[in-house]
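My questions will all concern the structure given below.
Letters A, B, C and D mark the chains as written, and numbering starts fresh at 1 in each.
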Amino acid sequence: MIDDISIRYCDTFDKALTDPILIGGLPGIGQVGKLVAEYMIHMLGAEKVGEIHAIYLPPQVIIEENGVARLPRNEIYLYKAANRHLVFLVGDFQSTSNEGHYLMTDAYLDIAVELGVKRIYTLGGFGVGHLVYTPRVFGATNRVELKAEIMDAGVTFDRDEPGGGILGAAGLLLGMGSMRGIDAICLMGETSGYVVDPMSAASVLTALSKLIAVPVDPTQLNDRAAEMEKVVQRLLENAQSQHDEELSYIG
Amino acid sequence: MIDDISIRYCDTFDKALTDPILIGGLPGIGQVGKLVAEYMIHMLGAEKVGEIHAIYLPPQVIIEENGVARLPRNEIYLYKAANRHLVFLVGDFQSTSNEGHYLMTDAYLDIAVELGVKRIYTLGGFGVGHLVYTPRVFGATNRVELKAEIMDAGVTFDRDEPGGGILGAAGLLLGMGSMRGIDAICLMGETSGYVVDPMSAASVLTALSKLIAVPVDPTQLNDRAAEMEKVVQRLLENAQSQHDEELSYIG
Amino acid sequence: MIDDISIRYCDTFDKALTDPILIGGLPGIGQVGKLVAEYMIHMLGAEKVGEIHAIYLPPQVIIEENGVARLPRNEIYLYKAANRHLVFLVGDFQSTSNEGHYLMTDAYLDIAVELGVKRIYTLGGFGVGHLVYTPRVFGATNRVELKAEIMDAGVTFDRDEPGGGILGAAGLLLGMGSMRGIDAICLMGETSGYVVDPMSAASVLTALSKLIAVPVDPTQLNDRAAEMEKVVQRLLENAQSQHDEELSYIG
Amino acid sequence: MIDDISIRYCDTFDKALTDPILIGGLPGIGQVGKLVAEYMIHMLGAEKVGEIHAIYLPPQVIIEENGVARLPRNEIYLYKAANRHLVFLVGDFQSTSNEGHYLMTDAYLDIAVELGVKRIYTLGGFGVGHLVYTPRVFGATNRVELKAEIMDAGVTFDRDEPGGGILGAAGLLLGMGSMRGIDAICLMGETSGYVVDPMSAASVLTALSKLIAVPVDPTQLNDRAAEMEKVVQRLLENAQSQHDEELSYIG
């Protein structure tokens, strides 16, 4: 019988890492975390070292461009920076069930422990329900001593509504990481939550890049953000002109 | 792998208790039970002795005011009254699944048995769907012999609609407690169910305080109830004036 | 830890039964099955011999008239007829989850096997979505050889829409019973499905009584049916007069 | 206790098969896969060799025309073609839960492995949301090397919207089959998704028949498709005439 959750590493993967950091960018609000992590993997040329499958992911396959179908999965990528290893956790989906979120996050932490990870960054969006032109980056951590360092990177802890929460793995990695003695920080890019938001992702990238002291050229992400801004602008103008038209019928 | 439900006691917690009573105030209708239990913990200066985590709680973290994220949890607090120990069960959430309610209540009873608890009080709200100015306290128990004592404390068993139920842990602790030979009583403050209801909580506090013979100064809770009453009054007046305005348009 | 499903027999229950038949009347459409089984228990004076609790039942307690709360449960009653033992399966609820239906029915069959039951009757309603004045009794079985006998008792197999199904334990006891070599028959009283339907229950009682050769005086059930008919008649008249009133406004 | 999933083979079933292919046609969009597989079983005279029951199937029984109720199930049929054995997987339902889809597909693959199956075809519909008069057959596979062969049979890989998915067992057999080293191909008949679609099924049958080199006379399926086309045509005309009538009221 299949395991509820299975982790498979590539045969060539050498698990002896140097001062590794885990960066989690799974799907979520505005796909912000996913955008940042996948962009970093792309720009840094990180290589895939493992896969996670689970019965808690949606029961379907994904058809890739070449017509090949594959299971939904989470993936582990590795990049050796000048000073340390970066381990990326990305994927197609999060758990479809409440309990599955806990169990999958537990598996992610098994990986972190096995690889000697001492710090986790989880990336996500912070939905505010309106367009945001200069997105802030909100922070949360699982150890209060980490706050000063995070704020130095331009991250704010002043959410307009205190006492909120972080759903799914981005949050649970902090809470459950703390139980296992692993420092964890969540960086959330302010976003409307209505569209995939590369502008919010760019803000998160800037902050994360500073925090891990690994420079990542943000040009392509900024370009994509500029494009998306044009799309949104056009949508807004269309909505406005339609609104005007309707008024002219009445007037 | 994580346990589905885990109970962690503080290292300093001495489990040899004197005639302990368990008081359960988990979230529910009007947050009545939670208000009473947390108020008692605050006023008596009870100290935290344990925590319960479970995959049945919502898959998220809660961000505290200082920006630190933590898992949703239930907590155990202890207070040594003149005559006996009070063990409080409070928390952020109840189970998100039906089966989880049974399994978590079973864990609460494991704690009760381990600590030698012979009687459990569960606190909750009794939603009536309309504003209540002098909330009654309704009772239920898992042993008919306990009724007289409870009624002596001003608790009524005359629900307007007989044959009702009590949802979640507040109820299951009675039903499942009975299976383990533990007396249990549920005190439910009458409440609209629309708002957090400190007035209903104050009524429950009065009854419980009498029953366990542990005095708790209700002043702060009454103050909060008075404040909430003003808020509700203002909402009602606004609704009325808006209604009048609408009528004046028509008339 | 609690069992997912637990069966408890009374200490005094002697499991050596004579030619026992299991009669299942759990809640369902029009509460027909429950009405019949509980009526038979009442009229025959069957005595309770066991209880079933399960985490698949709703997570709540039921408050009885005396203010005592108890877990939702299924119950086993026993009656010694002239020629054989009747074992009744009744209860507050069925499973809240799909999988739980299978697991609970499996537990019911464990009981049947343990008690030497060779035939099961499950009772239910057959919802037709309109008022029914002379309810037919529809049958289904898990062995085609049983049909003739059932039809002799006035039960019809001609459902207007072929290819239907029977939901929950009333159905699964046939399907899963067959896997264990136990004959099973479902008797479904035609009912609107809108109200608790003692008239439909009376029809089922008549058929079942013939089939098991145990006479049960139907008077009280017929009385209840007559009362319910008056209630429904009154509701219909009110609806009609309201309809007429509305028309007179327009006309 | 029952197994969550149980597989039962007929006693007479000889598992030593020749170059066996598994053809999966479980219920889904337009019932296309089910239509094709059941039509092949009927036309080829395949014989039933096994049954699968599971607590993940809907908790009910199905009443057959003779009044006999049976559990929902999946079935295995076997046909010995000139060159090879065909193993069919058909059934009443798919899993009701997300996790169950994975677990049941894992059981299907256990069967495939046990029978020495080296290639799986899963059949389904590809819903496009509008009527289709000459349905294409879309393909997906779990190994890119299989594409050329499939395209030779007239199957296209050019979905209008790239990056789609295949839900349920039809998809998971590809993804999970790949994990077990079994080649798998999904053939999806273009269909509106609104009605049971024998025309789409006929297209899939043609492609599959070519791929497995087992001729199946499509006449009866084409007849059924022609009938269904008339039904749909009539529905469309009725809708049109009703629309015209409404306009004539206004005009």
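By our rule, a contact is a pair of C-beta atoms (placed from the backbone, for glycine too) under 8 Å apart; a residue touches a chain by one contact, two chains touch by 3 or more.
In this text the structure is predicted, and so the values were computed from the model without any measurement.
Each step here moves to a touching chain, and the least such steps from chain B to chain D number 2. Interface residue usage between chain A and chain D, two copies of one sequence, is largely distinct: under half of the residue numbers at the contact are used by both copies. Centres computed as Cα averages put chain C at a distance of 37 Å from chain D. Averaged C-alpha coordinates give centres for chain A and chain C that are 53 Å from one another. Residues of chain C in contact with two or more other chains: none. Taken pairwise by the contact criterion, the protein chains form one closed cycle in which every chain touches exactly two others. Here, these are the chain pairs in contact: A-B, A-D, B-C, C-D.
Interface of chain C with chain D (complex): residues 95, 98-99, 101-103, 105-106, 139-144, 147, 157, 159, 162-168, 171-172, 174-176, 178-179, 186. By the touch criterion given at the top, residues 1-2, 4, 53, 55-56, 58-72, 96-97, 100 of chain B touch chain A in their complex.
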